[in-house]
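Order as written gives the chain letters A, B, C and D; numbering starts at 1 within each chain.
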Amino acid sequence: MHAERKNTIIRMFNVSKRYGKMEALSNLSLEVRKNEFIFVTGPSGAGKSTMIKLLYKGESASSGAILVDGMNLARISRKQIPMLRRQFGVIFQDFKLIPTKTVFQNVALVLAVAGLKPKEIYPRVMDVLERVGIDDRAEEFPPVLSGGEKQRVAVARAMVGGPKIVLADEPTGSLDPDSAAHIFQLLRAVHEAGATVIVATHDQQMINNHDGRVVRLEKGRMAREN
Amino acid sequence: MHAERKNTIIRMFNVSKRYGKMEALSNLSLEVRKNEFIFVTGPSGAGKSTMIKLLYKGESASSGAILVDGMNLARISRKQIPMLRRQFGVIFQDFKLIPTKTVFQNVALVLAVAGLKPKEIYPRVMDVLERVGIDDRAEEFPPVLSGGEKQRVAVARAMVGGPKIVLADEPTGSLDPDSAAHIFQLLRAVHEAGATVIVATHDQQMINNHDGRVVRLEKGRMAREN
Amino acid sequence: MLIFAAKRALTDIVNNKFLHIVSIVTIALSVFIVSAFSLFFNNATDFLDAWRTGVRVIAYVGANVTEPQRTRLEETIRNLNGVSVVEFISKDDAFNDLKQKIGQQSSLLDGLDKNPLPDSFEITLTDSYRRLEDIEKLSQSIGGLPYVEDVEYAQKWLHRFNGIYNLFKVTGLVLVSIFFIATLLIIANTIRLIMYSRREEIEIMRIIGADEEFIKYPLFLEAVAQGFLGGVAGILMLYLAFILTVPNLAPETVFSFFEIRFISVKFSLTIVLCSMMIGWVGCFFSIRKFLKL
Amino acid sequence: MLIFAAKRALTDIVNNKFLHIVSIVTIALSVFIVSAFSLFFNNATDFLDAWRTGVRVIAYVGANVTEPQRTRLEETIRNLNGVSVVEFISKDDAFNDLKQKIGQQSSLLDGLDKNPLPDSFEITLTDSYRRLEDIEKLSQSIGGLPYVEDVEYAQKWLHRFNGIYNLFKVTGLVLVSIFFIATLLIIANTIRLIMYSRREEIEIMRIIGADEEFIKYPLFLEAVAQGFLGGVAGILMLYLAFILTVPNLAPETVFSFFEIRFISVKFSLTIVLCSMMIGWVGCFFSIRKFLKL
């Protein structure tokens, strides 16, 4: 919590998120420095996914302030949201792959959205698919993939745009230990290339085996930080 | 593999499953006795989910024979498939909850399908929701639940009908260690009550901590059994 | 069984409000189109029919017929099938009529010393007896009666009118059929689209062991309910459009003999029944594809 | 930008074949309904118009007019706006006509020693000059000419006919508008349903940072393409129905003066354009709801 201000990329201050009576996050404050690697952990329903959702403004906070790279998320206009989201690479817990687009098209979409030309897109997508080990399924549609294969596509999509910040929600939940370790190496590589990485996970072993600050949530509150 | 014939509940003999050129399962043979507890493990894409899908005839095998409780799955008619499926309680890797039905309705559906009356259904559903620890969310719709909460609903649905055979595909992948242990206790209880349980999982720790035969698949083939 | 299906249909409607509303709106609009055209077509046919009311058959009576004979003849004609009113026109009345008809040039009749016209009966037909063939047959029977010298009716005009009338009726029926089939396909299409967006739900139900009947019955009930609501809404829309536009058309200022009528209650009920059936049929055909999952 | 959007629209169409086919079929059926009714309505109006061809104005010439004067009068009338043909009817011709018209009773004219009828001109109007007001105006101008004693035309009949004609036209326009609006809503409804079953896809695109334009442009292009294909398919369906049914209606056996025509190329193009626009508008309104996700 003693980061220098100018190096802060994410700042959450007293953030709460209520759904009806249900309080998914309560008075959460957190400061993330540029190029930090953070684990967010906690039991089921603690608010990990909600926290990630608030960061890319998939939802708005009920109260409190969130600043990402100097932008106050409560203040930005609808028009600015796409720009904000392109700063992030997000691995969703439920993958959120488009079932009617091929693996290639799903990953390529991020680059198309950013305005790249098809001939720039092709090599970059194939490269990242190869890195997650799914390049041989590039022309398949997500519904025919196995759980782990889908997850690797989701990882590929999150990394292909070279995002400033990677938000990974349970990025290895459907993977066997070897594949999981491999994906973690990729997240490490992205981190070393300068990105800030936030990983929500239950996998205590993963947390123990890797360096990184650990934030523990419980029932929407900060339980412990180390 | 030396089980007595009359105690065999599932018998797979030389089963293969091809999707186009892709062979998801190759020449798999497996015999499961009544009331066995089996772990199926293996890397991502090994064919664990495919094997489960073949058992409840979500897909038909490309070759080989599958017998469940004396029925040859290749021979049963379309009309008999629902009867077959009601023998199973399946926890799907991607949960397969109906988004437009509440948690309660999703779980109750299994009993309604089996022909139970609403007043019999209510207590049984609430009981099982309580056991997986999600009874307070009974009136919510799946899309608002956290990953772990959805998984617990899926577990509840698989157990509510008192199935002969439980097929659990990665039943704790989205759960923190405590919740996972709790779900495992529930599976154990179902097992002790007489059900046959087949669990597909990557979680090596889980396998080590519990008794049960372990079947390891690799690239669609049986790699090791112990 | 049916009660449980109905209960499940009800919660299903609550859970999928959007889809049900869309479906009902589409059915309502389709019913609206078909019934609006039927309304137009029925009234146009009635209108043509009303025009035909003018058709009269004239029977000329021989010159030397006595009054009792004439009275008997009148009685005989009156009792013929299809005859509604028989009016006696004396030759003097006929002469005056003729004078008026020629109008401007009537002065040329003043030079005549005696009225050369015969007595006649003007025969109006009943409503159900106005087809060309009926008129021809009736004329023949009258012509065969004693004391009748000649029978006259607007043959040429009637032939022409009959041509229009039949052409109009056939065209109208072709159009109604076309509209009916087209809207039926539109409704089936819409239901198929709804099933498509519910295919995941259907698949999940199949996978946990629901048989076809379990899945189908509530969907059928819903489709029939949609058909009912859509049909009623469509007819209400038509009624609204009717009371908003018809007073502005004001045909009675031009045609005193004719008044635009709304579709009959019986026809409305038929339409609602049809639209329920269409819901059922549309569901039947679109569901098969998705039950195979 | 547009090229990329078009490319994405193309892959999108391939990826969502079912939805596109459903949409095109619904649009085609809607276009079919509206254009079928337009076809019917146009032909019925033409038919009534053709009937009106019979309208003639008669100008009676004074008794003491010399032949050169009459010829000059004929010339003057012929040069009036709206006059197509002028035919001279001598008083002898008129007398013979009258005899025929009275038919059976013509014997009563034999007693006359001299023909009391005047000479006259029978004036046929041009096609564009057949509205009631035009005829009235023309009659007045002709009545004001020297040597013209009186002007006559089928005033009562025309009034009645005009009433029918206008009622028919207004009703037809009301119905076309109603059908147009109803099918527009049906199409919008269908597109909304399609967007609904694609809402997940749209939401995911939003979440990975697509701006509205990125999502909208291909969807608009697809909707316009659907409108185009649906419009063309609808008109082809109508054409098929036309060549299959019209020979069986065979109106030319009854009405030599009238032939059923298909909708014009220009009107077909207008319909296709409209249906493209409707695709666009339907997309525009249904997309908003789902872009808010």
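Criterion: contacts are C-beta pairs under 8 Å (C-beta built on N, C-alpha and C of every residue); 3 or more make two chains touch, one makes a residue touch a chain.
Quick caveat: nothing in here was measured; it's all calculated off a predicted structure.
**Student:** Taking each chain's centre as the mean of its CA atoms, how far is chain A from chain C in angstrom?
**Tutor:** 67
**Student:** Taking the mean of the C-alpha atoms as each chain's centre, how many Å separate chain A from chain D?
**Tutor:** 62
**Student:** Could you put a whole-Å number on the gap between the CA centroids of chain A and chain B?
**Tutor:** Centres of chain A and chain B (C-alpha means) sit 30 Å apart.
**Student:** Taking each chain's centre as the mean of its CA atoms, how far is chain C from chain D in angstrom?
**Tutor:** So the centre of chain C lies 23 Å away from the centre of chain D.
**Student:** Select the category (line, ring, star, complete, other) that matches the graph of chains linked by touching.
**Tutor:** ring
**Student:** Can you name every chain pair that touches?
**Tutor:** Every pair of chains in contact is listed here: A-B, A-D, B-C, C-D.
**Student:** What does chain C use to touch chain D in their complex?
**Tutor:** 18-19, 22, 25-26, 29-30, 32-33, 36-37, 40, 44, 47, 98, 102, 104-105, 107-109, 111-113, 116-117, 150, 152, 160, 163-164, 167-168, 170-171, 174-175, 178-179, 182-183, 185-186, 189-190, 192-194, 196-197, 241, 245, 249, 251, 254-255
**Student:** Residues of chain D touching chain A in their complex?
**Tutor:** By the definition above, chain D touches chain A via 4, 7-8, 11, 15-16, 200-201, 204-211, 214.
**Student:** If you look only at chain B, which of its residues touch chain C in the complex?
**Tutor:** Listed in rising order, the residues of chain B that touch chain C are 56, 58, 79, 82-86, 88, 90, 96-101, 105, 109-110, 112-114, 118, 157.
**Student:** Touching chain A in the complex: which residues of chain B?
**Tutor:** 19, 41-45, 49-50, 93-94, 144, 146-149, 151-152, 169-170, 173-180, 202, 204-205
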